[in-house]
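Before anything else, here is the set of structures, which you'll find just below.
The following pair of complexes shares a single chain, chain A, combined with chain B in the former and chain C in the latter.
The block that comes next holds the complex of A and B.
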């Protein structure tokens, strides 16, 4: 039986970095799974995901709970650069509890296919204080190209803090 | 290291189809994961999963979803359509994905649960839990919709088995 769940690459920030990127992603898998633990070097941020360095044709719908209420919006509800990347959840920064990181799971089925790419993201950034969210997002990249690179960056333009880490897995269906 | 995550079967639609079935599912795994990547022929319907050809009122679902305006929750009880994958208020024709986990699917003493995420960026993002009130092992998974619409050509449905040991 083939090994269906393979670690492609891991990136760990040894200092504050502007982004985390996975390049030259082979098309030999069926789906991609991205797991990361990231803290913002700014006061706070959201993680956004850009494919193949493309800065258009993204849309996102979000559901979040902040400890006191639940709400839903689209990227129009988030300041930053709507449409230039897929939006994932919030991550803590300098305005939140020290040493806390946001953990997120991103699943991308059929990333090498010729259809538009739909993206699932689950996110938590609990920090024993206000400003923590649990979020789910549905995103679409309306592009038929195979995904060959993934760029994680701060939606509000902040760096990622030291010790932020991300691992990309490939999943095969045969 | 034992391999604990194995592909059981994949269906890639060469033409539009109203439903997809995985049958003769082995009981040798602990849990099942179904990954759906699809688009629908027209808007308005909802995706459901029936198991073991059961069309009785033995399904229920509680879902939490966001439609871009509000966070909402609904419950479907004694549902004959199946376990709801999503969305509650009907999909659009945009690309969507769903990730469905079936826990302890092969035991013959407990009712079966499915936990799933559904993602369609122009419609909603959903998290749901469903119950099938039967103690039978799940041997067939039938993915369908409630409005006689079709899953688009190129849609993929992959069933994985997870072993605890």
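The block that comes next holds the complex of A and C.
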């Protein structure tokens, strides 16, 4: 990985948890990159993210391919995220391939600036060799505050499974 | 100095308590220390509101899909009543 990437913090759940939250994020980088591998403790779920514990002013557009069809929608057509969080991709759960995790990459440019915050997310997950989801989402948090905390949540209200892991990177000179 | 090493965290509650209380992992990026805490009442309320909102959206999506399927079946039945064959109706899709 390029030397402009600095691993700020990483965490692995040793048991099922409702949320993972990064707090006291330093403002010393230009961008943030969040990588995680998460499985739902429910039948399935989507990961959503919130900034600074704020529950308003999020919008998301999504492109989805599942191996047999492609679609796109907005937050109002997505499973969840009616403006209270930025929607990321789907993650597998108990109804899908055992012991697999959804992998997602979230990029947040200019997170410490005073403009609204844009967020992009790439994600993949797999279901018993019968299907797989590849998703790209673009979200906007219409808030000028610098991002100091990021909360990961299962939008369907399910916990994250044990061994779910997340790492937050800071990027300079990007 | 930021700590990029994953830190162990401790849990004082019993397994039975953990099963009933939602909790979260908090990673303090200034220290690298991870703590496991129960959700606050406000957080639990927000989580429940999220689940309700999701259920409402899902129900609306399912209702819309069913209405669309019903309208399609009705239209196909009307076309068949006019004398169109199944192949002709399928060609309109």
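We adopt the following convention: the second predicted complex is superposed on the first by the 163 of 174 C-alpha atoms of A that agree within 3 Å, B and C clash if a C-alpha of one lies under 4 Å from a C-alpha of the other, contacts with A are read in each partner's own complex, and residues count from 1 in each chain.
Rule of thumb we're sticking to: a contact is a pair of C-beta atoms (placed from the backbone, for glycine too) under 8 Å apart; a residue touches a chain by one contact, two chains touch by 3 or more.
These numbers come from a predicted model, not from an experiment.
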{"item": "Fit or clash - chain C, chain B, common chain A", "value": "fit"}
{"item": "A:128 touches, of chain B and chain C: first, second, both or neither?", "value": "neither"}
{"item": "Partner chain(s) touched by A:60 [first = chain B, second = chain C, both, neither]", "value": "first"}
{"item": "Chain C, chain A and chain B - angle at the middle CA centre, rounded to the nearest 10 degrees", "value": "130"}
{"item": "Contacts of A:8 with chain B and chain C, given as first, second, both or neither", "value": "second"}
{"item": "Partner chain(s) touched by A:25 [first = chain B, second = chain C, both, neither]", "value": "second"}
{"item": "Partner chain in contact with A:68 - chain B first, chain C second, else both or neither", "value": "neither"}
{"item": "Touching partner for A:153 - first (chain B), second (chain C), both, neither", "value": "second"}
{"item": "Touching partner for A:113 - first (chain B), second (chain C), both, neither", "value": "first"}
{"item": "Least C-alpha distance (whole Å) that remains between chain C and chain B when both complexes are overlaid", "value": "14"}
{"item": "Chain C residues touching chain A - in the complex, by the definition given at the top", "value": "2-4, 6, 9, 11, 18, 22-32, 34, 36, 39, 43, 46-51, 53-54, 57-58, 61"}
{"item": "Chain C-facing residues of chain A, complex", "value": "6-15, 17-26, 55, 76-80, 82, 84-85, 151, 153, 155-157, 159, 168"}
{"item": "Interfacial residue positions of chain B with respect to chain A in the complex", "value": "3, 5-7, 10, 35-37, 39, 64-72, 94-97, 99, 117-127, 154, 156, 158, 160"}
{"item": "Chain B-facing residues of chain A, complex", "value": "1-5, 30-31, 59-65, 69-74, 107, 109-110, 113-120, 122, 136-140, 171-174"}
